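Structure below; questions to follow.
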């Protein structure tokens, strides 16, 4: 689903940049003779890389930040000169977002709260009519100013910056999302159906890694910590 | 402004494909493992070619139709295998749009009414939830089912097909559009300011070509014919 | 050798599509104004990915199917929008091959029989003059209708579908194949020459993995199972 | 039809390079670790440029020669660094073809005999097993050693060099060729059907340019000169 | 020779950016995690477009300015999103060069003095250690601060900005330049040798356009005006 | 720093090819109608792959050699047909460098001496005015003819071949290099500052791997062997 959210984030961001939605009234791609928008993507994981493909494909100026040098090198290998890879740290994030038209927050740490990388003060100094899309909002979000919204009322404006923070972004394109989800999960479902929960969990590490709660106990450490609950390893 | 409208058409089309807007609920780009949407662009002029760049850049399946083989060859030269160029005729248009998720109508003939290339019957047989964006709507439109809409209420649905037919599409991104328009027109404005209307019209063929009305007479033949008015060549 | 076979498969497939060979009489790349052929590649391993590079490079429409989402994401990363990645399952295979002009079967499981992914019934419903190239034919093939052929008599036709199933495809381009094979194997040959069989096998895991028979015993489990023979781990 | 012939020329050339057809036994694209074939295209017109797209798309080393610097600059613009453009002259042609694995002759001058750019002596010094495809063979050919062949018996070998010189190359892919031909000619046919020969010829310059014979007279100068016949301008 | 100068300008500019030459000590391409240099090219003619290909190919951020919208659209068509095209005017030039690391001046008007597009004041406000390469210097240059230099002593520094203004840039790569020059001029030389000056000038418009002086008179208007001399049309 | 050195190597190599520096006087990229230079890169590690990106981006002919087939396949995947990957062995190295205009030596084995892959005799037979850049020179170099030079006096000529062997190449672009180095090392510095040497070394494998000397003992085996000193594993 990270792929769906990542690709969709550019599409909804482009839409938020339209004047009627409170945005700067600019076209993501620019036209010949007029510069394109500047897109800043924080996090080069699956969601961020997919956002990167779409934004660069459209013709925007794209910067992508991450703390993992190997990942940045891979993104550079596949995208060549069409995007700028930047080491993620406080100074670089600040420098980039103050010049951005569209900022995508795509830092997702499985099961854990997303770190707050962009402060309220930075947002205050962003350009009027710029746009934030926070893919990580259902895990707390990467921005101090983001809070979950819904497809019915997807955006709000703080200090002139449009915030799009729909908690279930892939729900906008249910057909694509359903196929994507089924692709990822069908093999697990079949394993459980064939072998039962206990056996399949024992034999399939990836499946066990995804177990959140078992017999009333939280069995995923990150989840337990996020909610201040007790963690207990699952025993079959 | 054709560049703005062309590039914007894919962005608004993507948006119309979202489920909440009546579309098929699919993501234009697809994701790995799930096929992208099929985009059909009728007309490979400036608007159509710009739509083509954006749609192919996002990763959609793109077909572009035109009646001019030289133009199709140029589009193929610059886009390589990433789009399919198809000779435009009744049979090919029909075959393409029945499989399309998004159809862009971009046939603009300066000053003249756009030809009706897509019949009401064809639209009736299109896929449920597919989308039509008619860039030529302010010249009558290329579809029998299109009629002008506004940014406040941009779409309507006929036979399950979402129609986006905003007459002034570039108005959605006023900042980009203003720069683009200024780029194209500033040199004309300067010429008129420097030399006056008569001299500048006499010395500058392109400027004279754009003269619609002069001293109460319609001086552009295509406009006169479209409105059933008398045409008279401008005399300075 | 999988690279050679994969790249060659598109070349021979293009040739089979010529009318005189029983094919549909279409050009893989299309021309401007005429759509290219649709190529479906089953399996995104080394052979399939190489086929993918050539087919997309020529300008064909390419779909590639695999059961491994990570591999599909990698193919999408490097090929961008120029190919469609699709999760491999019975329904998707059927949908794709019924619209295909050229189908490449490239599912190779080292030492084991290739799974029969395409049934006789699906082949019966394929387009007249479409083409199947089965790279996995020397391991039984991925199609119920394939059986090994030779370079002298490389194709046969079933239900109007041209089958190319040469068991030793790389033999068509012996100069390239010899270099490729030497590149992959020379270091193993040198290790055996330097250290003798026993020592080199002990020190070099990859080498030992390739041992099929040792002192009269089948020492590769997949081979033993395929032929119904006893398996015994090699002891040095 | 030049597009079809150009694109097809690489496909048949690849095939001629297979060992069983007398070629060098190399794969046009190479594989990782083994260099690809060297393709030399003489003539950067429509046929040559299309050959160029396919050969470069497959991954071969491509040089393309022409006497027109503007055309070479355009080819470089669209192909970037993936092909080498070279000014066509005797010395450059010789240097290139002596290192070539596949030479495409695509110099077509409408109605006139193709110039003999490659001498018998140059062919004698080409690599054993290299391949010549002469697209211009039905106008005499660009090589001293080429003479028309047929689809039934498409090649012959001189001094170890495989010659493919089918006079009607597009006939190999009749479906694609028919569509391509119809795309180019349908508008002319409709004009003649609507207005009759005389009126349509008078009103349509392109149509008149294509008139070869009228009322028993050769009305195209180049054709008349090629066949040593009298030329007479058509009068309607 | 404009192609040579254009492509070379990026190479020498990269070199001037090295710290020991007075530049900012940055690598044109950047590396993964560190942003590339910003290159601004003024003029999208042959020299500018070639500079653009090299700079974008290396992976720099490239903006290219021109006053011709059709040319900008062509550059965008072939370069896609990898460069930013900007309408050239005083405001845009100023905005761009103040953020530039490397500025290429490539505005060449045949025979006439290059317009001074960049003022001394703008140069004063450029970044310390940034670089200017003025391809048009032998026609007066596009910058108020440029004056011709030589290969022996190619650069000087004004207000911390490195200026490279070698009047005969292609002389740095004589082998490439000689071939390029011969490609462009050989056909003219042959025409003069075959037909004599007068006949060849009469029959060949392009040749006559290049005539600067004939029988002691300046026969090219732009040259005459630049040097304040009398102009006289050549009579044969 | 390997990325910086790799990318810089092409830039300095291009410069050495200028006539005034003793080079062949050719432009790396060529121009339309004139072939580009041939660049041979020995080693497809990080430095070599980065050199490859720049050289191919400029439009040179690029061959890259390595002994690791998986690495070559990856380079081919990301570079497609724009570079030639070749298995590294004595014969292939010799064949390639004798035709090269620019050779980049980028074989770096952490801590160990670079192997001498190019003999003095091979260099003697290289083209007059060709260029060698040895990135590995501070570890002894990959060429028998290379010895360390400095930024003040970066090149020397042997047998007509220009040698660029600056031991500290990244020093040419200190700004980029400092950022790149900080990106790679800051996390280690923070770990040491937070936890002290002993704890951080114990908890962080990568950090311990980088420990060269501890309490007067050489703790990295490769370094010890290179200098003929005793090796002792670090104990905390």
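Order of writing sets the chain letters: A, B, C, D, E and F. Residues in each chain are counted from 1.
The definition used in the following text is that a residue touches a chain if its C-beta (ideal position, glycine included) is under 8 Å from a C-beta of that chain, and two chains touch if they have at least 3 such contacts.
Worth saying up front: this structure is predicted, and the values here are computed from it rather than measured.
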**Report entry** Smallest count of steps, each to a touching chain, taking subunit E to subunit F
**Finding:** 1
Report summary line: Ordered by label, the neighbours common to subunit C and subunit E are A, B, D, F
Report task. Name whichever of B-D, A-F or C-D reuses the E-F interface, so over half of the contact pairs are the same residue numbers. Result -> C-D
Report task. Give a one-word verdict, same or different, on whether subunit B and subunit D use largely identical residue numbers at their interface, taking over half shared as same. Result -> different
Query - Inter-centroid spacing, subunit D versus subunit A (mean Cα positions, whole Å) - result: 51
Query raised in the report: What is the distance, in whole Å, between the centres of subunit C and subunit F, each centre taken as the mean of its C-alpha atoms?
Result: 37
Query raised in the report: So what's the Cα centroid distance for subunit D and subunit F, whole Å?
Result: 44
**Report entry** Shared interface positions of subunit D, touching two or more other chains
**Finding:** 3, 29-30, 32-34, 53, 56-59, 69, 73, 78, 80-81, 87, 179, 183
Report summary line: In contact, pair by pair, are chains A-B, A-C, A-E, A-F, B-C, B-D, B-E, C-D, C-F, D-E, D-F, E-F
**Report entry** Touching residues on subunit A, where the partner in the complex is subunit B
**Finding:** 3-4, 7-8, 11, 14-15, 17-20, 24-34, 50, 53-54, 56-59, 151-152, 171-177, 179-180, 183
Query raised in the report: Once bound in the complex, which stretches of subunit E touch subunit D?
Result: 3, 46, 49, 53, 57, 78, 179, 182-184, 186
Report summary line: Within their complex, subunit F touches subunit D through residues 29-30, 32-36, 56-61, 63, 69, 72-73, 75-76, 80-82, 84-87
Query raised in the report: Hey, which residues of subunit E end up touching subunit B in the complex?
Result: 67, 69, 73, 77-78, 80-81, 87, 89
